[in-house]
Structure formats: C-alpha cells, structure tokens
Amino acid sequence: MPSIDINSDLAEGFGQYLCGDDDAMLAIVTSANVACGFHAGDPEIMARTFKIAKERGVTVGAHPGFPDLWGFGRRRIPFSIGEIERLFAYQLGAAQALATYSGHRITYVKSHGALGNIAETDPEVAGAIARAVRAVDRSLAFLTIALSQQEKSAAEAGLRTVAEIYADRGYDEAGHLIPRGQPGALIADPDEATGRVLAMIQAGAIVTANGKHLPTAISSVCVHSDSPHAVETARRLRARLAAAGVTIASFAQ
Amino acid sequence: MPSIDINSDLAEGFGQYLCGDDDAMLAIVTSANVACGFHAGDPEIMARTFKIAKERGVTVGAHPGFPDLWGFGRRRIPFSIGEIERLFAYQLGAAQALATYSGHRITYVKSHGALGNIAETDPEVAGAIARAVRAVDRSLAFLTIALSQQEKSAAEAGLRTVAEIYADRGYDEAGHLIPRGQPGALIADPDEATGRVLAMIQAGAIVTANGKHLPTAISSVCVHSDSPHAVETARRLRARLAAAGVTIASFAQ
Amino acid sequence: MPSIDINSDLAEGFGQYLCGDDDAMLAIVTSANVACGFHAGDPEIMARTFKIAKERGVTVGAHPGFPDLWGFGRRRIPFSIGEIERLFAYQLGAAQALATYSGHRITYVKSHGALGNIAETDPEVAGAIARAVRAVDRSLAFLTIALSQQEKSAAEAGLRTVAEIYADRGYDEAGHLIPRGQPGALIADPDEATGRVLAMIQAGAIVTANGKHLPTAISSVCVHSDSPHAVETARRLRARLAAAGVTIASFAQ
Amino acid sequence: MPSIDINSDLAEGFGQYLCGDDDAMLAIVTSANVACGFHAGDPEIMARTFKIAKERGVTVGAHPGFPDLWGFGRRRIPFSIGEIERLFAYQLGAAQALATYSGHRITYVKSHGALGNIAETDPEVAGAIARAVRAVDRSLAFLTIALSQQEKSAAEAGLRTVAEIYADRGYDEAGHLIPRGQPGALIADPDEATGRVLAMIQAGAIVTANGKHLPTAISSVCVHSDSPHAVETARRLRARLAAAGVTIASFAQ
C-alpha cells in the first residue's frame, strides 16, 4: 500500500470572521493549504496556522487565489497572464515570510478557487502559475488535481508535482471533476466517499462515474474544511485509510 | 569624503493611479524603497520597479506600511505589537518574492509613513519591526532615520543599520525631524537643502536648527519622489554631492 | 409600564462569511441595526436583511462604522472630523437606497464600534455624526446610549433621540459603560441581565454598579447577536419583559 | 439647433491619488458623472466634487462601477444579475446622500467602465441596472450611449433616457463604438472629433465609419477627463459647439 497525504484548505478566515474548525482539522490532515490574504486569510490567521501546524508536524503550503475577498476567490476575474504570475508570486512570498516568522517553512503551493479551476484546463493560466512558482522558488512542490493541465504545466516547468484526488467529488470520463450542480458531482455519503478514495488509491487510478480507470499517481486526498460535517468526514477518512493499511503522511516528508 | 547612498520611496502607485515619476527617479537614486501593497503599490508596479532597478543597478528595499490605501499609510492606526510584526513580515515576504521573480533581490527594509513615524520614537513598535525583519531574514540591512529609536532597536536585534538624513527637513535639538507645520520643518530651497546635506556629511553629524552638531554615521540621504520638483531636486543634490567629491553609491554594494 | 424596543447589530457578515444567526434574531428584535459595508456587511446581506425585516415588521436603521473590515470597525482610526461626516453620510445613503430597493425604509441611525465608542464621550466626533445625519435626512431618529455625548449632540442638532441601555453591561457611577476587562463590565448571567433591564425600565433610570439611579428616558435595549448564547439570551429577555407587562415595540412605530 | 449637454467622468481619484484635472473640467462640462467609491472615488472627493459642481451650476449624476479599485472598474467581473442590482443601488444611494450633504442633488445615473460596456449589449445586465435605478428613485434620468441596449432597457423600465455620443470614438455600421484597438476606434484629432459631433447633432443621427446615418435623439456628448489633452479638447469642443449656435446646457435643466 502506498503512503498518502491528506490536505485541506485552512486559514480561510479574515479578521474576526472564521471559516471552519481549523484547530480540529490540523489534528487530522498532514498538509495545510494556507490562504494568503487575497481571497481569504490575513497575517494573523496565517501566522497562527503556521505555528500550530509546526507544533503538530503538519506540512504547510501557500494557497494563493484571486484578489476577491467578497467573492472568496470564486469569481472568474479576467486577469492577464502577467498579472496572474505576479499576484501569485506576491502571495507566495507573503506566505513564505510568515511561515519563516512562525518557525515553519512553505514546502509546496496549490492554487485556490476560480484561479485553480481555470488552471485545471487552461494551459496559459496553468503556465503562468508554474512560471511564478519556478521564478520564486523552484524547490517547491506543486499540489494539483491529478490529470489536470496544471499538473502538466508544473511538470513542464520542472517543478515536482503531487497529484491529489477529491474525496467527495465525482469524475467524468475524461478525469475531470463533474461540475457542481450536475448529477454525480457530489458524494454526500462519507462512507461511500471513503470507499471511493480507497478504491482509487488501490487501483492507482481515477475511477470515473462509469467505472473507467484512468491510471495516475495519487499522492494526496483533499478534504473540505468548511462544510458542516467536514471534521467528522475527515476523521473517518483518515481512520479508514489507516485501517486499510495505508500510511498517512505528508508528501513532503 | 565618505560614500553616500541616495534613497527614495518608489512604486507608490496603485492600479491605474501613479504617484511621482519613478522612471526619472530610478536614474538618480542608488536605493529604491518599494511600497508593498498595503498603503500603496501592487504586484504590477512592484515587479516593474524591481525590473528597472535591476537594469540600472539600483538597490531595492521593502517599504512596508499600514494597510490603509485610502490614507496612503499616513493614519496612525492602533495595531497591536504582534499585528505589526506580522503585517510587516507579510509585506516583506511579498516584496522578496516579487524581487526574485523580477531578477533582483531585496537587500534592506525601511518602514513607511505613520508606521515609521511611530517607530521613530516608540521602543515597542520599533522592537516589533526589528523582530519581524530578523525572523524573516537577518541578513537584511535596516535603513532608518539617524539617531532614531528604530536605529537603536534594529541594532539591538542584531541587524545591520544604515542611517539616513532628510535633505529637505529641519532637525530639532534632540535630533528629531521638526514636525511638519512647525517653523523650520521644511527646507524649501533646493540649494539650501543640498548645502545642509553636504555639511552634515562632512561633519559626520546631524546639524540642528540651532546649529548644534549631533555626531552620527550618515550612510544615506532620503529624497522625496512625489513633490512637484522632486526629480529636479534629486538631480541637483546628486550632482552637487558628486561635485564635492562624495562618492554616490548604494550602502549595499 | 412603558413600551420598549429591542435592537441588535445585524447583517455583520461579508461575502461568504457569516456572523451570528440573523434569521433567529430577526424573529426576536424590533429594530435591526444594519452594517453598511465599511466594517462589515455588503450589498447582498444588507438587502436580504432589509427584506426579511420588512416581512417580519422589524424596523431597520443604518449602522455605519469605520472603513476597517479587517478590524471589524473596532480600531480607533484617527479620521478627521470632516472625514467622519462624509464616511457616515456615504454609508447612510447606501443603506437608504438598499432598504428602498428591498421594499423597506431606514428610519434611524446608530454608530458602530470604535466610531460609536469615541462619539460616546467626544463632542467633536459626536457633533460630526449628528451633522452628517441632519444633512442627509433630518427625519431620522438617532439611537444612542442613554446619557452619552452622542445623545446630547444629536438632540442639539435637532434630531429625535432614542436612548438605549445594554442588557449585559455594567455602568459606572457617571453612567458610562464599565470598559471591558474591568470588574463588573459584563453581566454573564442572562437572568441577572434581564432582571437589571427590568429594574432600569421600571426605575426610568440607569442603575450603576453601586446602585445609584441616574434618571433617563429608556426606549430601547441592545442585545448582542454574535455571542454563543445570543439568540437564547435575547429570547429570554423578550419573554421576561413581556411577562412583566412591558410592551415590546419599535420606537419607530 | 438643439440644446446639448457635455458630460464627463469625474471624482475618479482615491485618497491621495488624483485622476485628471477635475477643477478645470467642472468649468467646461454641464454634467458630472461622479465615481461612487467602488472602482474609484471616496467620500472626500465625492463631496468636494458635488460642492464645486453646485457652485458652478453643473448637474451631477451617480456613476457606479464594479468593485475593482485595482482594475479601475475595467475588468469584466462575472457578477450575478441580482448582485449587479444591489451593488448599483448601494453606490447610487451613497452618491445621493453625499450630494445632499454637499447641498446638491443627484438627478441622473450612468454606468461605468466594464459594467457599462457589458450593459451596452447585454439585456440581462442592462435590465438589472434599470431595475435598480427604478427601485431606488424612478425620477432619475438615465444617461446612456445612443442606440444601446441600456437605452432600451431603461426606457422599458419607465425611466427617462438621455442619449449620449462620444466625441472621440468611431462608430460601426450597427451604431456601436468600434472597440479600442481596431482601426477607426479613436479620433485623435480634436478638430475632427468636434466636427463629427457637430455633424451628428445637426443630422440627429449617429454617423458611422462608412458615413451611414442612424437616426437617434442626441442629448449629450461625453468627453474624457483623464487623457493628456482632455481639458483642452473639452474646451475647444464647447467653444465650437457654441460658435455653431448650439445651446450648451444640462439635460436636467
């Protein structure tokens, strides 16, 4: 059985606003994708998250998104390719400095929300993000959806890629996430979601809605942090993977 | 004659707003204090400034301020000591990453506006800033007003300090800048301002309004970038210093 | 027994961030102080709050604060008197338009957070706020802490004032709220808080920590919306006041 | 000869940033489209503009745009139809209150930048804006590009429409502005631009690139405020129209 990482989007509060139970999640996940202040996050919650992650041995990554606090980074704002490079680099550097300040170290990046969604299929945007990361620190790993354009662009840029699957999302026959709102997009039942994760890890492949196997490395599972049952779902996933003999560990170790 | 650096606050635009003639100033100064996005600046102007500075051999520093774009960082917002550490570290990291992205490298820091004004005399705020810099990168130099609390706190934190004087400001008998609005605060005549700078460099001392000499290292002169005659004043200062035999060079070289 | 209004600060979310259970509170209070987008609130939550308030017969007021989303309007930012007038007028107008858009109508104002705290004792700031309200719409009522400078300044400006007391806060001998952090500042026990409110209404006076009575009109009670037991506390307060024969009704009706 | 209004986008600064010479333009135009704080403008510059406009007899309108200070409202951000209604209403109300505060009165609206560009052809967005205006104050006039979807939607909503032409832009055969970057998009020569305006006013029609006449009411000419020669161009346009016997007056009088 392979070793698998569990990652989640954390530090998504802002000022007095909180979003999800970060403390509980930091006791379950092995990697924390930390919001960098543009779509969510501020220097306070970023530093606090890095500090707790360090204490618990959780790997930390920068999770830049569009500058859209009102829309939580989910609006597809038409930035130019150059602007995307630079807003990504800015956030990455801010996270690196605050991680260092907190006694920890950024070892990977992942793109957030609409920025990530666009990069999943758009070679120009995926390339811009990869260039930004390489220019700032080419030793960083790139955590991204298995079989996506981002995985390809990051690899082409010479970055180490880490492929992730989603525990609670269905996949279409091309290996893309079925868009929210369409049948099969969400796996509501935690046991079913966990079973699918195990099956995909064991198969070394994405399993599509029709049961087709699309071979891929799978190094991480992304669990959501902000749904009502997020903590319980993540806890059960971790327990069941462990019970099945999967080693739970960050890809960075 | 000593070697002297000329520094100026640049990249203070935002989006389509510009502030001063940065291009002209980058042909005169030897160090550029680059705004980091909180009181002014955005990833675009930051990256562009780093790129041009690199081409012209101008040293670049991070110039963090309060998160107050509306007030241009000039409002004294009561942040806690810890918040100041973290908002400083955040901006410093963002500047480091964008400088690296642009082929350049941040070699110093300077605090902006109200944040700098408070730190000039407040040991707690000055200490917070020094701690933030040391935690992020202790190899950075700290550019600060000669004889200020910031110079003292940065030195105590083990940072290399670089003392600057202001070309167009008067000094009181304690060596502090005479507050704007009081008699003698501003030296309007460029020739008088330049003459004072030369006198202070030659004396190795701040010269107060009453003519008292307060000995101090003087490594840099700060010139403003956003007044109507900023470029002409800076150009004449540089020419006159050179004519007097002063070597004009960044403190970082 | 007099008629009494129950007011609470609502619409304090932003984008996907929520703050308190507004739906539940709108079934209990008779007046909703609606955040206007500077310290909290956005056009979406404002419009939704006005709409629900209209359906339930809840009076709505504008609740402007400092432009400080990160600090939730709780930082004492040194704005000039003129700036305070204009940032207050701006927010008031935005709330009026969105209330009209939603089929409702703003009938009062209340100042939020640090802005309100300063105005509680500072005649210049209290005067600025009163002037802004009078200039925009002099038919608006002014909801404010009983015996405060704001009540005085609003009355001097010719505005109708509505005096409120706080259910869960202690009062010093001058009639001011005991600052948070000092003994007696917070009344944690809901029954004690409710008992105090009843006693003050019946006495027609603020009852201080030492039991002194400071006579004042009392037209409203402010209940918090964002503490863990906010809804339950508000519900019990309303029930107990009703049981004691107090008519619960907005001051605007 | 008909009476014609000259309008321009003003108050487009933010904090210490300025944009164009508003003072000079307010001596030339008869209507000022005032930015409302989302893409540009702040309570200070809004109030100052309303005050000067009042003194000079210049009509004022609200000029809402997307919440995108960084992009100056020029990015096509995908807001929902409902969000557009509410962000428009919010800004309109803020402008109304500050105009009243300043002794003036908003008598019309115009949509800014990308929001206006989308509404020029998109019936859903144009309808949303018209609904927002009607809901807030149906007595307001709607200033919009002649023959655009916005003109149609505003009329259908029962609003009084005011059709404008652009002095320095070419029109395609359908009556739409030729997009920037295409041949004939910009009329650089002020005399040619002025001549075209006169011709269109006299013809009562848009004159396309090929010389076709598309009949339409023409009540206003829009002149830019932020190009290098904006003031001189506006001044010459006004002088030449007056010399040709055209009455220069706001459509609101």
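Just a few scattered comments:
Per-chain numbering from 1; labels A, B, C and D assigned in written order.
Here is the rule we use: contacts are C-beta pairs under 8 Å (C-beta built on N, C-alpha and C of every residue); 3 or more make two chains touch, one makes a residue touch a chain.
None of the values given here were measured: they were computed from a predicted structure.
Looking at chain B and chain D, the chains in contact with each of them are A, C. For the touching copies chain A and chain B, the fraction of interface residue numbers used by both exceeds half; the interface is of the same-residue type.
Across C-D and B-C, it is C-D that has more C-beta pairs touching.
If each chain is reduced to the centroid of its CA atoms, chain B and chain C end up 44 Å from each other. Computed centre separation for the pair chain C/chain D is 39 angstrom, with centres defined by C-alpha atoms. Multi-chain contact residues, meaning those touching two or more other chains, occur in chain A at positions 70.
Chain contact summary for the complex, chain B toward chain A: residues 37, 43-44, 46-47, 82-83, 85-87, 89-98, 100-101, 132, 135-137.
Touching chain A in their complex are the following residues of chain D: 67, 70, 75-79. Those residues of chain B whose C-beta lies close enough to touch chain D in the complex are 13-17, 19, 42, 69-72.
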